[in-house]
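By letter and in written order, the chains are A, B, C, D and E; residue numbering begins at 1 in each of them.
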Amino acid sequence: MPSTAEPIIQLRGATKRFLSGRGDVHVAVSDLDLSIQPGEFIAVVGPTGCGKSTTLSLVSGLEPASDGSVRVAGREVTGIPDRIGYMFQADALMPWRTVLGNVAAGLKWRGDGAEATAKALDWVARVGLKGFENYYPHQLSGGMRKRVALAQVLVTEPHILLMDEPFSALDVQTRSLMQDELLRLWQGSGTAVVFVTHDLEEAITLADRVVVMTASPARIKDIFPIPLARPRQVEELRVQPDFIELYKHIWSCLSDEVAIAREEAARVG
Amino acid sequence: GCHTQGSDASDAKAGGTDKVTIMVGGLDKIIYLPAQLTQSLGYFKDQGVDVKLLTQPSGANAENALIAGQVEAVVGFYDHTQVMQAKGKCLESVVQFANVPGEAEMVAAQQADTIKSAADFKGKKAGVTSPGSSTDYLTQYFTAKAGVTTKDYTTVTAGAGQTFISAMQKGGIDAGMTTDPTITTLEQKKAGQVLFDMRTEAGTRKALGGLYPASSLYMSCDYVNQHKETVQKLANAFVKTLGYIHDHSAAEIAAKMPTDMKGGDDTLYTSAMNSSKGMFTTDGKMDGDGAANVLKVLSFANPDLKGKADSIDLSKTYTTQFVDKADSAS
Amino acid sequence: MRPDIAAAVARTRRRHRNHRIQVWLLRLALVVVVLGLWQLATTFWLDPFFYSQPTAIAKKLYVWFTDGTSKGSIWHNIAVTLEEAVLGFVTGSIVGIVLGILLGRARLVAEVISPFIQMANAVPRIILAALFVIWFGLGLESKVATAFILVFFPVFFNSFQGAREVDRNLVNNARILGASRVQVLWSIVVPSATSWILASLHTAFGFALIGAIVGEYTGAEFGMGLLINQAQGTFDTAGIFAGMIIITVIALLAEALLGLLERKLLRWRPPSPSVDTAAV
Amino acid sequence: MPSTAEPIIQLRGATKRFLSGRGDVHVAVSDLDLSIQPGEFIAVVGPTGCGKSTTLSLVSGLEPASDGSVRVAGREVTGIPDRIGYMFQADALMPWRTVLGNVAAGLKWRGDGAEATAKALDWVARVGLKGFENYYPHQLSGGMRKRVALAQVLVTEPHILLMDEPFSALDVQTRSLMQDELLRLWQGSGTAVVFVTHDLEEAITLADRVVVMTASPARIKDIFPIPLARPRQVEELRVQPDFIELYKHIWSCLSDEVAIAREEAARVG
Amino acid sequence: MRPDIAAAVARTRRRHRNHRIQVWLLRLALVVVVLGLWQLATTFWLDPFFYSQPTAIAKKLYVWFTDGTSKGSIWHNIAVTLEEAVLGFVTGSIVGIVLGILLGRARLVAEVISPFIQMANAVPRIILAALFVIWFGLGLESKVATAFILVFFPVFFNSFQGAREVDRNLVNNARILGASRVQVLWSIVVPSATSWILASLHTAFGFALIGAIVGEYTGAEFGMGLLINQAQGTFDTAGIFAGMIIITVIALLAEALLGLLERKLLRWRPPSPSVDTAAV
């Protein structure tokens, strides 16, 4: 699906450092180089704590890069770029709004008040929460909250969609339903997706390219194109031999990193 | 209520009645009793003036309200007119209610044996209502006359009323100056006794070597000049009231006062009234020597008048022209 | 609804009612004990001249409400004070909330201005009350100004802090979803700060009453402050306490209204565990 | 591993209802019957939002049951039972304590101040966070926070361990390491574990019995004993034929439920 | 440290310093503008009798600090007021925090008592100040009591609310981990409520000063309140303002100390985005 147009997201030597506790500096991600075309679906995998979320926050403009350049739609990122959607790893629902109010919020803020409720109702149903429209977040289970967050982002129809482990709190069946739904929506929409996950199967199932990041400080270790045909049917894909081949190939790369991350952690301090 | 401001009201004559707002430096104090009494007796109405009485716990802010044009007149101590002249503001007393301060220097019961004259104040704690008040200046003056300076004793702010009584009972002050009904209450509670009774001419002369005209109705000179008619009506009313006080017993006067102002204890109030009522003038006229004596006291104690007695023109601080006419009218 | 659920709901209702009755009984008991001790103490040990007595206060209140006061009907005096307090409360809270939230989100301005606000907060209100008389006259305005200034500061500081405490995740999420600065303020910051603001409003009405009364002290024609001032001037301790009791009762009524508002605004909250959720 | 001693956890007709929004009643779990022996490892699976977390909160004593009885160690649950550990689904670290402070908290509170720091240090290392002892929670990634929470619970050596999707935010490798670690610790410790997960593979790998819950309101649909030998080696288990057989068997049961849950949600409102 | 990182850290330091300088310059500018306008206005339009003048105030301050006041050295007066304020602040905050947190966690007691606390909060402090003078005498105690009562309420209400706002997850987790009620209070509730408490302490020292001054108004031998009262009594507007300025400066110093404390206690917080984290 990658087109050869100008990249919509472009990281060049992007680096992010944090001042940790007592004045020392923690390098979260370092020298990232990555170009993403409009309409491309990128999955990012890597050991936990390596800097995946940090990378998304650089692209979203929420955190400025310490060094290097982050460009979105051809412009250097200084604030939040237009038409970007970001589903956070942490809970970020407004506790004082109902499910419906949370999902409709984005549209109302953007001034599409008229159809906001109708669209939001539709999305609440699509994520399987019909009947829960008037519940407050604290009345929902963990997985239900995640689905509300998903609807909240998707209803705004972003051109760039950043997703940080969106399905990790869902049971397998709901998860594959959601994956299918996501693919169906994305297909032909021209939206660029950056999808962080710790589930390599999921990454391969969904993405055009899988980015494997190294252990902390994160760099890009390798990028694997996934030449599986689209449209893909999530459930069926897993048993295909190409898939299994790809899985093994990328897994060997990833598991090295995870092992390094553990050793690293064991060595420090 | 949406109170109209005095300055706007004064010029508006509603149905031929003048509207006047008077700020009283404590409507419930017996030294300022003529204000409420005139209202209760209806003498203002008789004169065709619509008077609104406001009250304030301390006299000092009353001038500010007067100078800022919030009220037309103040019922307060005459000595403020002199201080104001030193500050470049012209105020004048038009009706003088009393030529004595109406205060008494009280001595705490425990100290009755040790403090017998002004000279005994050395090393004691002398109470005043607030710093920079007349009680402060009078205390400084009568002690100085006995050769005791402010460095020899401590001046303590003790407020008026209950705080004063409590301070005297608990030894917070050894002596102190206050007015009725505090004086009478202290006597009844046997917490203190009178050293100098400045509610009478004799006592005042003994303490200060002369009179000390205090309780009065004063206004800004400009107002007096521009509203002679209104001022005259007020003077008429007040002089009539002063006559009433002279002609009636304490009990009769007390009966005319609203219950609340007597603090629910009629006998106390009546007996306080009895000891105080003698201080009021009958004609509302200023004692000229007394005015000079006030200047003497202030030029000793007040920081603005210290050593500047000569620059004060006493004739601009009071006038008897209105009470003179009022007398002849009645 | 299934019958067993209906029964459970009824059970909960009953428990709630019992709880309320218990609370009221305890309050009543407390009042009775305090008043009883007071009456006893002033009868046997303390001088009622300074401490008054519940019976004397009750008598005073009775007189005020039947015969009126020297300043006219007690209701009129209450109305005057109430008007001043309400105006001061409303203006002070609104300005405090708005400024607090705006400064809470505008870091540079806040850093520059905050020491001055701290300074202003340390200016004694009685002195201000005297100045307000000069600036605004002896009418309603100066009392409202005094009430305003007393209300403003606590509300301002709480709104300010509340606006700064907002969960950053929520703000980020809203910004990403396309909320403008104003919308973030209105949809995220204000609701988040609500419990902060409400906490300050709980004290604020009391302060507004105090402001009105301090203002009346400085010069007034009617009002509860005047009545209390007069009672002080005439050694009428019962009058002082009677005046204070009327004021505190007004404050309680206002507090009850505020409680209703609070329950409405914070309906989205999880109910507190001990009373509400236990076994429906 | 189940012994025939008196059950340490016993639910009989346990039901939990919530007052939702505008006065209606939501039945979260209904008529649960379940006995767990000391030292038993129980996994709970079920569609998202069915009431798994609610079940744990009943056992932990944090929420009282609306009906029926919940007994722990032979005593009716009224408060929090002794020596129970509960790893929440949501983040519950103290933001004002460092990683070490958070992990040591439980021991300090229980009065084992002396060895608290040493044990905590050990546990921080075991969950792979050596070097991060002095970081505050907001300086950690999502997966790292989960591991801190894990260490925080395990360091107190509970007799009953309730875990609510503890590993869902971890990458596969870290997750299997954690699973191994958990099994190693639990083995022979006599601790009863109730492990909520949405990953059936994980459930079968770890548990003695897998409890499948029905769609909302949750009941127990079926309980499957897992007769796989112990000690188990997580990575190797997955390819064994018994495992795959069990997986298929339980999956067919579970997926029915998930499907019902979706239909239910679609039908409501 | 790698050289590029070291450079980055140095850059951050520099940015911080520049920011601080900017803030101070802006504050200075504000002071100059306000004083300038004041001087101008009182020279040409307003009566300095009411509004005084910066130059007159400066002169007054100069006299106070060189020749002393009529009540002795200005330092002595400051010390007296400060002692009263500090004592009132410390006792009021401690009692307010402790009671607030305890009641915040004890629902039944809170429900029973809270209307009485609301009532107490509505009692005008000037009346209380007078009562305190009667009960405690003219010495230190009555002023400390007045300062105490002014400090207590805001601190109490914020602590109370802060204790109620605690994240239920955190409390549950602690309880499961074996924390006793006291430990939950100390390890979870108190740290959670810290920002609430600190927010109220920001206003509280100002209130303590006001309390001391109101107390001195009602009766005293020394103190800034007495000086201001005297200035009022002698129509010395410059003196009033000079007294207020001294008080506000004290309040600012206290505020600076409190700021240090706050930064220390809240070190665990994520730094605010705009200034601190930008590209190390």
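As a convention for this text, contacts are C-beta pairs under 8 Å (C-beta built on N, C-alpha and C of every residue); 3 or more make two chains touch, one makes a residue touch a chain.
For reference, the UniProt names are A, D = ABC transporter ATP-binding protein; C, E = ABC transporter permease.
In this text the structure is predicted, and so the values were computed from the model without any measurement.
Could you tell me which chains are in contact with chain B and with chain D alike?
The shared contacts of chain B and chain D, listed by label, come to C, E.
How much rotation, in degrees rounded to the nearest 5, is required to superimpose chain A onto chain D on the basis of Cα coordinates?
180
Using mean C-alpha positions as chain centres, tell me how far chain A is from chain D in Å, no decimals.
27
Quick check: how many Å separate the C-alpha centres of chain B and chain C (ABC transporter permease)?
Taking the mean C-alpha position of each chain, the two centres sit 39 Å apart.
Starting from the mean Cα coordinates of chain C (ABC transporter permease) and chain E (ABC transporter permease), work out the distance between those two points in Å.
20
Distance from the CA centroid of chain D to that of chain E (ABC transporter permease), rounded to the nearest Å?
So the centroids are 48 Å from each other.
If I count partner chains per residue in chain D, which residues reach a count of at least 2?
In chain D, residues 18, 90-91, 136 touch at least two other chains, as defined above.
What residues in chain E (ABC transporter permease) touch two or more of the other chains?
Within chain E (ABC transporter permease), the residues that touch at least two other chains are 50, 130, 134-135, 217, 232, 270.
Among the residues of chain B, pick out those that touch two or more other chains and give their numbers.
Expected reply: 61, 64, 68, 162, 166.
Can you work out from the touch definition every pair of chains that touches here?
After working through each pair, the chains in contact turn out to be A-C, A-D, A-E, B-C, B-E, C-D, C-E, D-E.
Going by the contact rule set out above, which residues of chain D touch chain C (ABC transporter permease) in the complex?
Where chain D meets chain C (ABC transporter permease), its residues are 17-19, 25, 27, 63-67.
Would you mind writing out the residues of chain D in touch with chain A in their complex?
By the definition above, chain D touches chain A via 18, 20-22, 26, 45-53, 89-91, 98, 125, 128-136, 139-144, 147, 164-165, 168-175, 177, 198-200, 254-255, 258-259, 261-262, 265-269.
In the complex formed with chain E (ABC transporter permease), which residues of chain C (ABC transporter permease) make contact?
Answer in residue numbers: 22-23, 26-27, 30, 50, 107-108, 111-113, 115-116, 118-127, 130, 134, 153-154, 157-158, 160-161, 164-165, 168, 195-196, 198-200, 202-203, 205-206, 209-210, 213-214, 217, 225, 228, 232, 240, 244, 247-252, 255, 270, 272-275.
Name, in rising order, each residue of chain C (ABC transporter permease) that touches chain B in their complex.
49-50, 60, 63, 69-71, 76, 79-80, 83, 130, 133-134, 137-140, 217-222, 226-227, 229-239
Residues of chain E (ABC transporter permease) touching chain A in their complex?
So the residues of chain E (ABC transporter permease) in touch with chain A come to 1, 4-5, 8-9, 12, 271, 276-280.
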